[in-house]
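Each structure below appears as structure tokens.
What follows is subunit A paired twice: with subunit B in the first complex and subunit C in the second.
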Partner chain A sequence: MSLAVDLLIAAALIGLAVQVVVGGVLFRAIVLFIVFGLTMALAWARLAAPDLAMAEAAIGAGLTGALMLVAYRRLIEINPDKPARTERRRSVLALPVAILASALVAMIGLAAIGLEPAPGFAGRAVMDELDQTGLGNPITGVLLVFRNLDTLLEIAVLLAAFAAARAVTVPGASPLPLSNRSQSPLVGALLAIIVPMTVLVAAHLLRAGGHAPGGAFQAGAVLAASGVLLALTGKLVPSAETGLLLRLGLLAGLVGFSLVGLIVTGFGLPLLAMPGIWAIYAIETAMMLSIAVALLLLFTGSAGLRRGAD
Partner chain B sequence: MSPREWLSLVLLIAGAGFYLAGTMGMLRFPDVFCRLHALTKADNLGLLLICSGLAVLAASWQTTALLGIIWLLGLIAASVSAHLIARHALREQQSTRSQSTNIR
Partner chain C sequence: MNSLTLYVMTASALFGIGVYGLIIAGHLLRKLLALNLMGNAVFILMVTVAGPFEHGPDPVPQALVLTGIVIAVSATALALALMVRLYRETGRATLGDNDGDEEVDDG
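Our next item is the complex of A and B:
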């Protein structure tokens, strides 16, 4: 029974992926890509990786999907006459490359199925050492204790991505007006329920990250999603200036993480060692804010945000 | 199977039936309004039946409360987005209509 479900998910993933690439209609491809992200999240959940499933659903399907839909609308605004069809000139190499890539993946998969983890396997070491960190969730343990230099660099990459997006945005071009000309009264009611809920969910995910699936990335993505909702409904308007609060938010993760990592060296601990569980939660909170602000600003494509007129 | 599992099974299958009917309606109905009409039934009742089926199976008050919140949030999001899509479609219709009368 569960094999049938797995096969169904695998078949759906391959079918959706082919449709996204081959389909000629751009809008259809975007919608199918979002469905692909959600199905991928199901696949991660089936593989007993709930952390990845949540990140995939929130970032892969949710935020990326919203970003693509906004880009699509922008395309229509720039060029309303031309129907949004991608050109169907397929390279002669497409099929051989696809077959070779599938064969490679199948070979790696077949080889991996029969593999026994080695005795010095990093995953085993993490599970053995996890008790010392005071954390219950091995994922958070890896992200913030065992391999936290990687996580620090990921936060730096997010900041670099924001700077790069700023660099390629044409200065002086008016930021995209995301909201509709007139608001339905229902939208305000929806926001009044959804936004506090998402803040609550983000706080829960952050707190749960220590002992259960969750953590800064998932919480940040959920917070960013509520920001996207506010931007789409005109409660937040893109602006050309990055305000002080947003700057602080952008830098909080990188600066907070680096500061804690440096200060502990003064107490005889190695660089980036975590002095305690409180430090892990403090850094996760700062990272959540940075992730949320960076993702939201990448979505609006603007330097900053200010409160909308209404 | 215990009576509880039977009840859960019936609820889940009924919910899946609503989803199937809603999906077929979305694919087969002629215009936006009919499609929304079909889709909101799946969202409202289908989700309620599936959440109730799962709640019966879980047999815990905490899980039931969470499923209730999930259903309510789905209900709110679905009704507002259906309203917005219908409003947009209506305006498009009106504007194309007024344009065609202007040309005549």
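Our next item is the complex of A and C:
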């Protein structure tokens, strides 16, 4: 029975992937990619990885899809006449190369699942040491305690991606497409329900991350999604200046994490050691804000945001 | 065949489809979609080969994949910004015609 579910998910993933790659219309390929991301979330749930399922649904499917769609829209705005259909390249090598690459991955994977884990492998060590951290979720433990340098660098990469995207985006040339279509009175009522609920969900995910699936990544993505909604309905409009609050939000994760990591060395702890559970929650909160602001600004393609007219 | 083997085979198929798409796609947006498919295949592989564990798969690769998902969306956003700028400057969202393949044809 459970294998049948897995077979269905696998067939859906492969079928959608084929359509994304060879389907005729680009817009359709993007939409199918979003469906692919949601199916991936199902696969993560089946693989007993609920943290990844949530991250995939919010980031992999939701925000990546929104970024792709808004980029597609921008291409149309730059040149409305040109059809969004492009020729495929002719390549006799494409199929053999793809089959070889696929076979290589299959060989690596099949060899690796047959292996017995080494006695002192990292996952076992995490489970053994987890109680000392006060956390109940081993993934949060790995992200914030055992391998937190990775997480610190990840926040730095997000900031670098934002700065680089700013550098290549033409200033003022990215008005959001839907900003003048929020005339319906229903939009305001809907936002009044959805936005507070998303903030609540983000806060819950952040708090739950310590002992259950959730954490700063998922919470940040959910917050960013409510920002995307506000930007699409014109409640937030792009501006050329990054305001002080947004600057603080962008830097909060990297600076907060680095400061805590440095200050603990003054108390005789190793670099980036976590002095307690409060520090983990404080850093996660700062990271959530940074992730949300950076992803939202990457979506709007602007330096900053200000309140919309109405 | 058990579920783990099935997911390994799915990951390898997705990777192959991604490689194929990356090569044949003309539009850069579609190349990015193909690249993201390849990334997802690697994520599935990483978590699957870590095997069943007491409470789900090994937490270390799961945490790495979680980081990977955020890095992937950052890189995608940057690539999209580059593509939009390229389109604005040159009027096309494809790679140049004078790359390796075409030069061989000319010669």
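The rule is short, and it goes like this: the second predicted complex is superposed on the first by the 298 of 310 C-alpha atoms of A that agree within 3 Å, B and C clash if a C-alpha of one lies under 4 Å from a C-alpha of the other, contacts with A are read in each partner's own complex, and residues count from 1 in each chain.
Just so we're on the same page, a residue touches a chain if its C-beta (ideal position, glycine included) is under 8 Å from a C-beta of that chain, and two chains touch if they have at least 3 such contacts.
Given the structure is predicted, the values throughout are model-derived calculations rather than measurements.
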item	value
Which superposed partner A:T169 touches (first subunit B, second subunit C, both, neither)	second
Which of subunit B and subunit C A:S184 touches, first, second, both or neither	first
Contacts of A:M197 with subunit B and subunit C, given as first, second, both or neither	first
First, second, both or neither for A:F36, with subunit B first and subunit C second	second
Partner chain in contact with A:A231 - subunit B first, subunit C second, else both or neither	neither
Contacts of A:L223 with subunit B and subunit C, given as first, second, both or neither	neither
Residues on subunit A lying within both footprints (that of subunit B and that of subunit C)	none
Subunit A-facing residues of subunit B, complex	73, 76-77, 79-80, 83-84, 87
Interfacial residue positions of subunit A with respect to subunit B in the complex	184, 186-187, 189-190, 193-194, 197
Contacting residues of subunit C [partner subunit A, same complex]	1-21, 23-27, 29-30, 32-34, 36-37, 40-41, 43-45, 47-67, 69-78, 80-85, 87-88, 91, 93-94, 101
Contact footprint of subunit C on subunit A as seen in their complex	2-3, 6-7, 10, 13-14, 17-18, 20-22, 26, 29-30, 33, 36-37, 40, 43-44, 46-52, 55-56, 59-60, 63-64, 67-68, 71-72, 74-75, 78-79, 82, 84, 86-89, 91, 93-95, 97-99, 101-106, 108-110, 112-113, 117, 121-123, 126-127, 138-139, 141-143, 146-147, 150-151, 154, 157-158, 161-162, 164-165, 168-170, 173, 215, 217, 291, 294-295, 298-299, 301
